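Two complexes come next, and they have one chain in common, subunit A, joined by subunit B in the first and subunit C in the second.
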Partner chain A sequence: MTGELIIQQLLNALSLGVMYSLMAVGFTLFFGVIEVINFAHGEVFMLGAFGALAASGILISAGLPLGSIGLFIVVLLSVMIIGGLIGAIMERTIIKPMRSSPEIMTLLITLGASIVMREAVMLFFPNGRNPQPFPQIIVMKSFFIGGVLIKPDIVLTVVLAALLITGLYVLIQKTAFGRYIRATAQDREAAKMMGIRVDRIFLITFILGSALGAVAGLMNGMSYGIVKFTMGFIVGIKGFAAAVVGGLGNVYGAVAGGLLLGFLETMAVVFIPDGSRFQESISFIIVILFLVFRPGGIFGERTYEKV
Partner chain B sequence: MSLKILLAELICYVGFLAIVMIEEPLIVALVVVVIALLAIGMLRFKNDFWLQLKSEFSQNMGKASSMAMIIALSFPILVAGDSYWLQIANLAMLYAMMALGLNLMTGRAGLVCLGYAAFVAIGAYVVGILTLKLGVSFWPALLLAGITASLFGVVLGLPALRVKGHYLALVTIAFGLIVQELLLNFESVTGGTNGLINIPSPVLFGFDLSTPLNLGFISLPFQANFYYIIIVLLALSVFFVNRLSHSFFGLCLNAMREDQLAAQCYGLNLTKYKLLAFAIGAFFGGVVGGVYAGMINFIAPETFGFQQSVLVLSMVIFGGLDSIPGAVLGAIILTIIPEKFRAFDDFRLMFYGIIIVSCLLYMPQGLLPFKHRIITAKPKEQEE
Partner chain C sequence: MKKSLVYLMLVMFVLTGVLTGCGTNSPKVVKIGFVGPLTGGNAAIGVGMKNAVDLAVKQANASGKLAYKIELVAVDDAGDPTTAVNAANKLIADKGVVAVVAHFNSGAALATVPIFHKNGLPAVIAAAIHNDITKDGFKEITRVITAADVQNEIAGNVAAKDWGLKKYAVIHDKTDYGKTNAEQFIASVKNNGGEIISFDGVSVGQQDFSALLTTIKSKNPDMVFFGGVATEAALIKRQMGELQMNAIFMSDSGILSDTFNKIAGPAADGTLAHGIGKPLEDLPGGKDFMKAYTDAKYAEPHEAYAPFAYDAANIIIKALEKAGPDRAKMAEAIRGITGFQGILGETAFDDKGQTRLKIITTYISEGGKWVPYYRSSLKVVDQKIQKQ
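Let's look at the complex of A and B:
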């Protein structure tokens, strides 16, 4: 295997990894702040991709030129708004009423919601049953650096994800609002007593995480050029797995976990003979081993025990 | 005493038959409305009617369920050998058995399992491979299917010793996906995407179960054979699970569900109980898979996907977590209703999703909620 090919694969792994990272950040935010696992997050990802499809269709017919940077920005913003809206609706309709129920109930209700969302797209999106071609929102030429073919959408994906995650970091660590989120995550009751509107923090956390998940859907559509109503399920599980590998509740762990999962998956395909056929099994077995032997994730020392 | 129960069950059965037999959706809706009105009327007529009926049932559980089973024996004759509805009834009862198994894990022991279909798949493939490729006869293969599924249950239980809650959900989902992927990719043994075809039908006492059943006055299609086999299996399962739930073992599982740490502090061996809960729960799945393989004669990996696991779980929730009659009733209702509306087959999964969400929001206790055991001695009314 040549060096160029390995670098090529590393780049692919990176673009897959940042997508998982964005998903995992959502999972970890929901768990860290609200203590729920949102199994419908994968469907938010899928709806993000379909939202991008619909938005770009509308914008192109409204006269925006295909492949312009303006189109991309408008689509990105609308995807984030769609994701945020779905997150807000979900928080208010199914998460909030279940706040005092046992955790298994919350988990199951998000599972039910995910089925409803997936089937709704299949039934009500025009021609939603079949895979849909995703328009090339941004047109750039592939180029070579030292014999390595660089696809522009990989660069775009990685840069965008890096920007979003940095933005999230700044939001959480440097702003007053981020302090509220951290306080709520640390101790809900105490935060309430300090005058933080915990209820609103929950809502905004859900909006933030869902918007990031929807952007991951947009990235997936852009890099594979095709979207399908079933695409959310497996990515959702992978995102959850990445969050678990990174340690649930730990945002930076989630980023690392997503990257790690992306690399492991790509490498399993490249180096293990017949690896592509057992791709899911390999990555899931790794995740299970992680859970059993390092239940706290990569940065194990940062987890907390609850009694 | 038991006359009331018999009457109530017969009325339910007639209503059920009417819903099944009448093809016009409008008339079915009418029947449902009439039954609902009757029920409301009874409530007006006698205020504590339902409470009375309920206590009647809960005091004579054994009588009630054996009577229900005897009544149900007449189903193949009453539908006049309609093979379609017999098949649906068979599937409904198989789902009921799965729901019982899953209920033991998730309802009673509190171990979330979102990969239950994998056990069914394992059982089906064990029977398929043994009977098709090795020429083993069906019944020992069925037993082996259950045992193999149990062993896999223990394998899945091993990580469950270390993880719980959300993590366990992830592990079980992963388990289901891994099993499915392995079945898809070991083509030489499992037939890959094509699955296994022409699995031989079981033979009981020299009688091939794939031939029509002749009762003397009526000849029933072969599905009736399986109907009777499955109803016996279901009755055995209900009996077994019921005894298990009322034993000390069942109480220990409950203690584990409520608080693992506290249970451990009281000296409960969590390792043993977790592994046993998984093994017993999985056994039912394996048997169901085996019967399914013998009945349909064709199995493929797609039949046992994540959707199936969710479906069985929604049946358990709909019936009420940790409620045995609830699991059976939930499975039957959730299998029959979508068949009634099979013109809208596309909406089936949507329907299940909405059932899960609305059930958890508005009826988290389920249809027939489980009552916590407070008194272990028999209530005083019995003595009279």
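Let's look at the complex of A and C:
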């Protein structure tokens, strides 16, 4: 195998990985701060993609030229707002009322919510039952750098994901608000006593995570040119797997976990004979291995201990 | 009291005499059955098929050549195996029915074929293409449509012989459908001296094929063949374009839908696939059929599979002329039919009851539509798709 081919495959792995990372960050935020496993997160991803489809449709018919950077920015913002709104609604309607119930109840209710969202899109989105083409929001041509083909959507996906994750890092580590989030994650009761409005922190965490998930949906639509109502399930599970691999509750672990999954999926195809058969199932094997042998995730640390 | 009874009996005798007299004057009624999807998702196709059978029956009655008056008995299988079995039993129970034009859905046909056989009612399968329908070679069962495996055989011939392609990368979606298509294609390509350089499975619902396609690209195939359905095929074709692969992309009849062209977008251009059947206007008797169908003023359009039902009905009518209204004799006459010129061409059956006609069309996606290859401006020249 030539060097160019290896780099090409690494780029493929990277574009898969960043998408999983973005999803995993959402899972890990919800678990780290609010202690819920949100199985509806995959559907937020799907709704983000459908939201982008609807938004770009409206904007294009309103006169914004297809393939312009302006269109992309407006769609991106609307998708973040849609994702955030869905997150807010979910937090207030199904997560908050269940806060004092056993964890299994929250798990079940998010699972139920995910089915409702999926079926709703299938039934109520125009032609939602069938896969739909995603408009080419930004038009860029593939180009070569030293024999390696660069797909513009990979560049865009990676840059955007890097920006968002850096933004999240700055928010959590460098701002007062980030301190509140960290404090709430460490000890909810103590944070409350220090005058942090924990309720609001929960809400905003949900909005943040869901907005990131919705952006992942937009990027998915742009990379593959397709949206369908079933798309959230598998990506949701893979995002969850990435979060587990990274250590649930650990934001940087989630990023690393996503990249690792993307890398392993690609390498399975490249190095295992007829490995493409396993591409979709490799995440599950990895997550089982991690749960059994390294439940704390890649970095092996327990992020916090509950008393 | 007694006297009146005698009178009554007299009247009855006279009446019976008059009635039977009437009966012998008009021709005997013989029934032809139709079973197909008249409701459900395939209803439009099924109703078109039923109308085609009705048209054949009306034409036969009007010709005055028959010693019988034919009636059509149409029952609904809803495209569903269970409903189909009930429908078949209804036709079997009606002793006037001498033969049946049967089914669009393979599932329905697979369920009823043994039942038709057991009860000795001849059935001409019109438009169900599963290979196993004629597998047992029951003497009551014949089929006028080409079976599914033939499309892949032809696809392999066209690619390797007509276009001279040498190296093939084959992908399938791990389903029974996709894998079978891929394997049949591989067998045909190998028969024609082609070389299979890779054989890979992918998942239904998978979106990213870039790792696999990057590997395949490095092996430089002339053609990538995909056994599967529209969505995955469209994603593979798009990603081949993004990776700037030059290989020709071909798939099976599962991608012959608008979904493929919509999802693949501009990347769809030049995709090849083989489908069973042919555009009606290009069939030998297609234009005559279209005219007759329009003249008969049916409320519903004939749809794609009416020609098969029409030929099946006419085969039954021709056999009826020869054998008379007897199920066992009819079965024999249908099986052994010779010199039958229908709108599909000359139909004759092999030892399994399968038609010898191979009506397969190569389609190419051009400008967002599936176009018969022979009519397209895109051609395979020097192992590349080129505009002529």
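Quick note on the criterion: the second predicted complex is superposed on the first by the 301 of 307 C-alpha atoms of A that agree within 3 Å, B and C clash if a C-alpha of one lies under 4 Å from a C-alpha of the other, contacts with A are read in each partner's own complex, and residues count from 1 in each chain.
The rule we apply is simple: a residue touches a chain if its C-beta (ideal position, glycine included) is under 8 Å from a C-beta of that chain, and two chains touch if they have at least 3 such contacts.
Because the structure is predicted, anything quoted here is derived from the model rather than measured.
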Partner chain(s) touched by A:64 [first = subunit B, second = subunit C, both, neither]: neither
Touched partner set for A:230, first subunit B, second subunit C, both or neither: second
Which superposed partner A:116 touches (first subunit B, second subunit C, both, neither): first
Partner chain in contact with A:104 - subunit B first, subunit C second, else both or neither: first
Partner chain(s) touched by A:288 [first = subunit B, second = subunit C, both, neither]: first
Subunit B versus subunit C as contact partner of A:277, first or second or both or neither: both
Those residues of subunit A which subunit B touches in one complex and subunit C touches in the other: 277, 280-281
Of all residues in subunit C, those that touch subunit A in their complex: 171, 174, 199-203, 205-212, 214-215, 218, 231, 234-235, 238, 242-244, 259, 262-263, 265
Subunit C contact footprint on subunit A (complex, rising order): 1-2, 5, 8-9, 12-13, 15-16, 130-133, 136, 142, 149, 151, 153, 220, 224-226, 228, 230-231, 234, 265-266, 269-270, 274, 276-277, 279-281
Residues on subunit A engaged by subunit B in the complex (per definition of touch): 31, 37, 94, 97-98, 101, 103-105, 107-109, 111-116, 118-120, 122-123, 233, 237, 240-241, 244, 248, 277-278, 280-281, 284-285, 287-288, 291-292, 295, 307
Interface residues, subunit B side, partner subunit A - complex: 106, 110, 112, 114, 158-159, 162-163, 165-167, 169-171, 173-174, 177-178, 181-182, 184-185, 261, 306, 310, 313-314, 317, 346-347, 349-350, 352-357, 360-361, 364
